[in-house]
Every structure is written in structure tokens, then in C-alpha cells.
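Read the structure below first, then the notes.
The chains carry the letters A, B, C and D, assigned in the order they are written, with residues numbered from 1 in each.
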């Protein structure tokens, strides 16, 4: 006998609204039906109603966690449409902004993952150390989450010399504790029991379903926009692309934690290599008719903005492809065949960002079920 | 594959090939050749479809396939008239295209033939049929 | 008449409802405070559990239409009654429990399982998929820890010549020292501590009410006063299980006289129980939650084996 | 051996990393972007702030022609403070903006 377990739209394991209909046989999952779309905001349309300068702020607010990368991708597309280059110092400031964001996003994710497997202590400690990176964003850019280091044609604020020693001290502290966490996650037996061999995404599936970011890299796909399509100052900073082979949740944990170490290295190099000089160039009022693509490596993976201009100060069309959206198809092969206990950690393992792309439905092809939720059902579920 | 190699590869199937900023290739193809072009890319082990963008250009709708080619990005544009809004599915070449094609169907009303799961993706179930939010006429 | 009054007092005040609830809630509060500090944060005040329960009592009682049944409404009282009965059967202040000569270890083990059985019924009766899954996990987990718990308890009983009376176990320890001081019984003590972790649904064995997977398992649909009673029952269970372990392996209640002041046995029992609760808190903060199949496998190998070794050693010597 | 045991025991005897928030507070950095405050004395009523605000949170008062910020709309981007020719706006360190009526919360 199979029965359907509803998870969400409100559920303790999901911080954001999603509705899963998991078909289970005992504890085993035999079918998955994801219903998303409780958060559709119509931002693509709203961006084409705003001028570029105002659109920058809206693009940053597509997603709270990866706001710097969103505005960076938007800026990158708009700058290449307008044909302007940003000053060297600003490129390094953008790198520092984006990497601080990657650190805090990955630590946030690691904390959520620890919570999903019931390891509350690790969850609290991850988030305690995430505060360090948030403090640094606050120190350098003025706010913990919405740092907004990027500006059309440059950077919004300059990094002051006197803040750099504190930044380096904090990064050293962070590096030490992240190294300790990698050690713990790869050797604690309860963590290994819950994460190893769970939610495996094979390399073939990852490539075919176009998975991006740490999800793909944990499955052995060597793919990182920072290296393949360098932006800001990434072309001048050497770093490693972290790739793991196994594709399970443990590999995703290790990939993310090792990426934090890599990010800390990148920030150190950026501080050393940062030239002096102006941080902004003038951005023109009107932008010539043209089209361009801006891609960045968000903490969750490849983020793409397509901008088409029409000669005015407003874009004609902006297309956003967020990393979580690209990763949703990979959830199904990861879930089917597992147990209920694995749902939260497997879903969390792609680091889904609902505010980015909460708008997908997947139907299990094996059972051929194509359920759509009716209003009645929704009303019943909400009661 | 770098931008020049991609440009060489795509030249047979597309016109107006230009390389922008060393790594982005823009090309325009047509209804007869785009499936061949995408198949050729798939055969060259370029399996990562970044996304499919639809742009309403008034008379036509531009469908742009963004394909990640290792070191470069190919933007293959296909222009189809609003009177015959129909394209073939590419899910057999790029299985990851499944969601992007569904979005294209509901947001711009482009019919994708042979799509395995042609249901709504973002819009709610009570959204009126035949109304497409990203079309220009929907703005008013 | 006076005897009857004594029983009523025992039931309502000491070691009954008032004392047990106060100690149970206090232990839960200490557990939360310690957890907070272990996780490098401040944590709630120690009396937080009292506030929580008080607040729950003041809330409206909402029972979902699908769950509104006799079983569902009965379960909180049944749970509470069962743990209360154990309180009266345990030697709390001296080697003699309040209700003497009517019960032994078998009854206590049986009564300690009633909350678990009630939870299962509640889960199935709640008409909610989370409750159903929680209940089925509960059943599986019960089979896991119970075996180790019973064998370990039997090992202690075997030491006193297969006597199942708790008062004789306490008296034996008063003369010969704690059970754990004997090498043969150390494995059993470890096994019963692990089994208690499963019995009390604490990490790594909080599987039946894993909040990130199935909300709160069987308790998902409970609210208001019913949830408050269940919370109190759970907190008393925390104290009761610790007390059972103390009685079996750590000497039970022993009155002392320090500097001419007579300290009743209940003080030493509380201190030992506190130690067990702290140990349990430490364990729950250093592990991740296991999956139900992993938990079952673990229970049937490591603790059961330890308990069996103990029983064997005690039986042959 | 559980790997977190040393950390947990160490944390037990350390000062907690958190603070009791409303009573104790962290120090905020000097370029913190909190609630924007308006210095009406300097204002020349040019209306640039109304144009540059991405959220249209700034309007000019009908009588005095001085700007006021509707806090229910403001997102603290700091664009007004940056672009105002007379530096009328400053980003204060105030961040506790909860109110009973977000439609009328205003900074002026």
C-alpha cells in the first residue's frame, strides 16, 4: 500500500514554501511530485519597467542570500550592453563582496544541513561562524545581508585600509574553524551514517539534467563560471575548482566546506592584489540597442542574466536563470529509492533557494501521475 | 571548446556569427536548421544547456538557446513569427531543458511539439488560457 | 483513615504529581540550559519549561475534526497516569516505595512502555500522515531499545538472586556498594544508558518525532492543555527513567548524615538522576539523528550484546 | 569516539557567543546603513531624491516642499544619501523599525 505524505508548503524542514507530495511505501519513497510556485514575483517583467539604475536594486532583491551575485550578474550584462569597463579597484571589491557572500551562504547551508540530520550543536556552531562573515560584510559594506558592493560602472563603496587588518584576522579565525568542521564532517560516525551514500546524483545524470554549482561539482562535473567565463577580477586570481566524485550528500557537504577555504584564499589574494584608484566610471543615461549575457558563479551555481536593451534607459527584456531553478530536475533521481528520513537532507543538499525560483512542478514519470492541486485541496491543506 | 571553435562549428547551421568579449558567441539560425545545430552541439559533447530565453519582438518571438561550451557561451537565436508559434522539443538532446520549455510555453505561448510534460510551470491553475504574461500585449 | 490520607498525600504531593512535575520540569529546564551552553549560546532560563507548560495550559484546545476520537483525547491522561504510577512504585525516599508489596520490576517496565504505546495509538488516531509515520517508527524503535533495556535490568536483578523487587535491589546495594562498581555489571549499565536515550526519544534516537522530517510525529495534531499534559508526562518520564537506572545500578536513594544533619535519601537520588540527565544531554549534543533502520541495527547489536554479556557473567558467577 | 565531544565540553565553560539582545547590544560599524534621517535645514527642495529612490519611498511634503521617507517602502539602499547634492540624508544606525502601522511610518 502506498500513501502520500505531504511536506509543505509550511513545514519545519523547509524554510521557504514548497509543497512535496511524496508517495511512500512503508518508509521507502516510490514517487515524488513537487509543487512550487508559492512565491512567484514576476521580477523579470518588473525589471523591464525600471531604469537600469533602479533595476540594480531590484535584481539584488531577487534573492536575499545571493544578492551580491545577482546584482553582479545584472551589472555584468548591463555593462557589456552599454559597452563600459569598470575600474580595476572596483573589480577587486566586487570579488571580495561575492566571496564573502559565498562563505556566508555555504555556512548557512551547512547549518541547515546539520539541522536536517538532527545535529543541532553543529547547526549552532556553523551559524555562529557564519556571523563572522556577516560581520565582515557589515564592516566593509554597511549591511549584513544586503551588502550591495556592486554599482553600475564600479563599486558602491570603497574598502578602507583600516578595516583590512580586522578582515584578515576574521578570515584566519574562520579558516581554522572551517578546517575543523571538514575534519568533523568526514569522521563523525553519525554524520557519515546519515550522509554517505544518500541522495546520490550520478555524473551522467548531473550532466544530462544540466545541474550547476556545488551539486554538479559534487558529482564530478568540473564546471565553474569563475574559471570558465571569468568576470570581475577572477581572471587574475588563481584558485582551484573543488570537485568530488561521489555525488552523495557527504560529497556536497565537503565540496561546499572546501569551497569556503578556497574563497578565503581568494579574498586574501584580492586584498594583496587590489590596486589603488577610482572605483567608478560614469554610466550613461541611455543604453544603445543591443543584447548581452552576464553569467556569474553564485554560491548555488551558475547564474545567468540576459539583457536586451532598446535604446532607452529601460531594458526591453531581462531574463534571469537562477541556479536553484536549474537544479530542480536533479532532485528526483536523488530522492526516488530513498527513505522518508532522507527527504529533508536530500532536498536541502541542492541548497534550494525558493525566493530565486519557486515555481517548478515535477511529476513522477514512473507512475504516470500528473496531479495538480485543486483549490479545494489547497484549502483543505491549509486548514 | 573556445569561442573560435564554437563559431567554426556553428557556422554551417547559422548566419551572422559574431564573437563578443572573447567568450560569448551570438548566432542566428532558422527553423529548418536549429534542430540540426543543436544535435551537432550535443554530438560534440556540449551537454549543458544554460537556459532558453524567449523575447517578444513585436511581430516575432525570439527563442534563444544558451549553451555552455566549456570556455565559451553560445547564444543561438531562432526567430519565429507569432502566426506560427511552434518549435520542436530539445529534451531528447538536452534532458535538462524540460523546465525551460515549459516556461516558454506558458509565459510566451510558444508551442513546443513533443514535450513530455506540457503542463503549467509557474502560473496558477486558474490563470486564463491564452493569456501570456511576458508578451508585449500583456503589459497593458 | 490516616493511612488513606497518607496515600492521597503521596499521590498528590510527594512523590506524586506535585513533586514529580516540579522535578521533571526542572530537569527539562536544566537540560535546555545546558544544551544552550554546549552549543555556545546562552539558552533559555532554567524555569523556561514551567513557563512553556503554563502557557500551553492557557491556550485554546484545538482538536482537528479527523482526530477527534476517544483514543486521541484519552492519550494524554493515560500517559500521565502511567508515569505517575511508576513514581509511586519507585523507591524514591527510602528503599520502600509508596505502594509496597504490590509490584515489582516487571510492572515498572510494563508501565514505562504505556506512554510509548499511547503515543502510537495517538499517532494512528490523529488522522495525519506525520502521526502515522511517527507511530510506525515508534513501534520499530520500541522493539529496538526495549530488548536491551530489559536484559540490562535483568542482569541487575540476577545479581540479587533473581529478585525482581526494587527494594531488595536497593537494600543489596546499600550493603555491597553500587551495581556499577562490579565489573560484570558495567556493560549492562552502559547498555541501559543507551537504551534510555532511545526510550526518552533523544538524539540520536529522536526518530519518531524527528522535527525536520515528520514535524512532531504522533504529537503533531496536539495543542493546548493536552499537549501541556503530554509535555509534563514526558518530562516526568525523563526523571522516572533516570530514577529507574539510578535504583538499578547507582545505589538508589541513600540517606546520609553529614555533620549531624540528616539528609533524606531523595536528595542523593535526585543528584544521581541529575548526573544521568546531564550525561544524556551531552550525548544528545554530540550526535546526528540516525535513520530508523540504522537505529534498530545499532540497538540490536551494541547495547543488546553488552547487556547479554553482563547477564551471562552475572548468571555464571 | 564522537568528534564533537571536545567542542561541546569546551563550549560549556566558555562565554556564550550570543548576547542578550535588547539589553546588551553589539557595536555597529560606522558606515552602517540603517534608517535614513532627513536634515530639513539643508534641503533646497530640488526633488532629486524623489527621482533617484528605487522604491519611490520619498515624497516632498505638499506644504513645506521638504522630503519625507515612507519607512514601509524604504529598503535602506543609501542611494538618496549618496546622490543628494546637499547631503540632506544620512544613514543612521537605527535598525529597530517595527511599528504598529507600516503605512504611516515615516522619517522626516
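What we mean here is this: contacts are C-beta pairs under 8 Å (C-beta built on N, C-alpha and C of every residue); 3 or more make two chains touch, one makes a residue touch a chain.
Please read these numbers as outputs of a predicted model, since none were measured by experiment.
Asks: Compute the distance, rounded to whole Å, between the mean C-alpha positions of subunit A and subunit B.
Replies: 24
Asks: State, to the nearest whole Å, the distance from the C-alpha centre of subunit B to the C-alpha centre of subunit C.
Replies: Chain centroid spacing, subunit B to subunit C, equals 63 Å.
Asks: Counting in whole Å, what is the centre-to-centre distance of subunit C and subunit D, each centre being its mean C-alpha position?
Replies: Inter-chain centre distance comes to 50 Å.
Asks: Cα centroid separation between subunit B and subunit D, in whole Å?
Replies: Distance between chain centres: 43 Å.
Asks: Please output the residue numbers of subunit B that touch at least 2 other chains, ranges allowed.
Replies: Within subunit B, no residue touches at least two other chains.
Asks: Among the residues of subunit C, pick out those that touch two or more other chains and give their numbers.
Replies: 38-41, 285-287
Asks: Indicate the residues of subunit A shared as contacts by at least two other chains.
Replies: Correct list: 121-122, 125, 128, 188, 190.
Asks: Touch graph of the chains shown: is it line, ring, star, complete or other?
Replies: Looks like something else, not a line, ring, star or complete graph.
Asks: Identify every two-chain combination in which the chains touch.
Replies: Every touching chain pair, ordered by label, is A-B, A-C, A-D, C-D.
Asks: Show which residues of subunit B lie in contact with subunit A when the two form their complex.
Replies: These residues of subunit B touch subunit A: 20-21, 23-24, 26, 47-51, 53, 55-56, 64, 66, 68, 70-73, 75, 94-100, 116-117, 119-126, 133-134, 139.
Asks: Would you tell me which residues of subunit D are touching subunit A in their complex?
Replies: 2-4, 7-8, 17, 28-29, 31-33, 52, 54-55, 75-79, 82, 91
Asks: Could you please specify the touching residues of subunit D with respect to subunit C in the complex?
Replies: 2-5, 8-9, 11-12, 14, 16-20
Asks: For subunit A, which residues count as touching subunit B in their complex?
Replies: The touching residues are 37, 40, 42, 44-45, 80, 207-211, 223, 228-229, 291-293, 295, 302, 304, 306, 308, 316-317, 319, 321, 325-326, 328-329, 359-361, 363, 365, 370, 372-375.
Asks: Across the complex, what residues on subunit C touch subunit A?
Replies: It comes out as residues 35, 38-41, 129-130, 132-133, 136, 203-204, 206-207, 210-215, 285-294.
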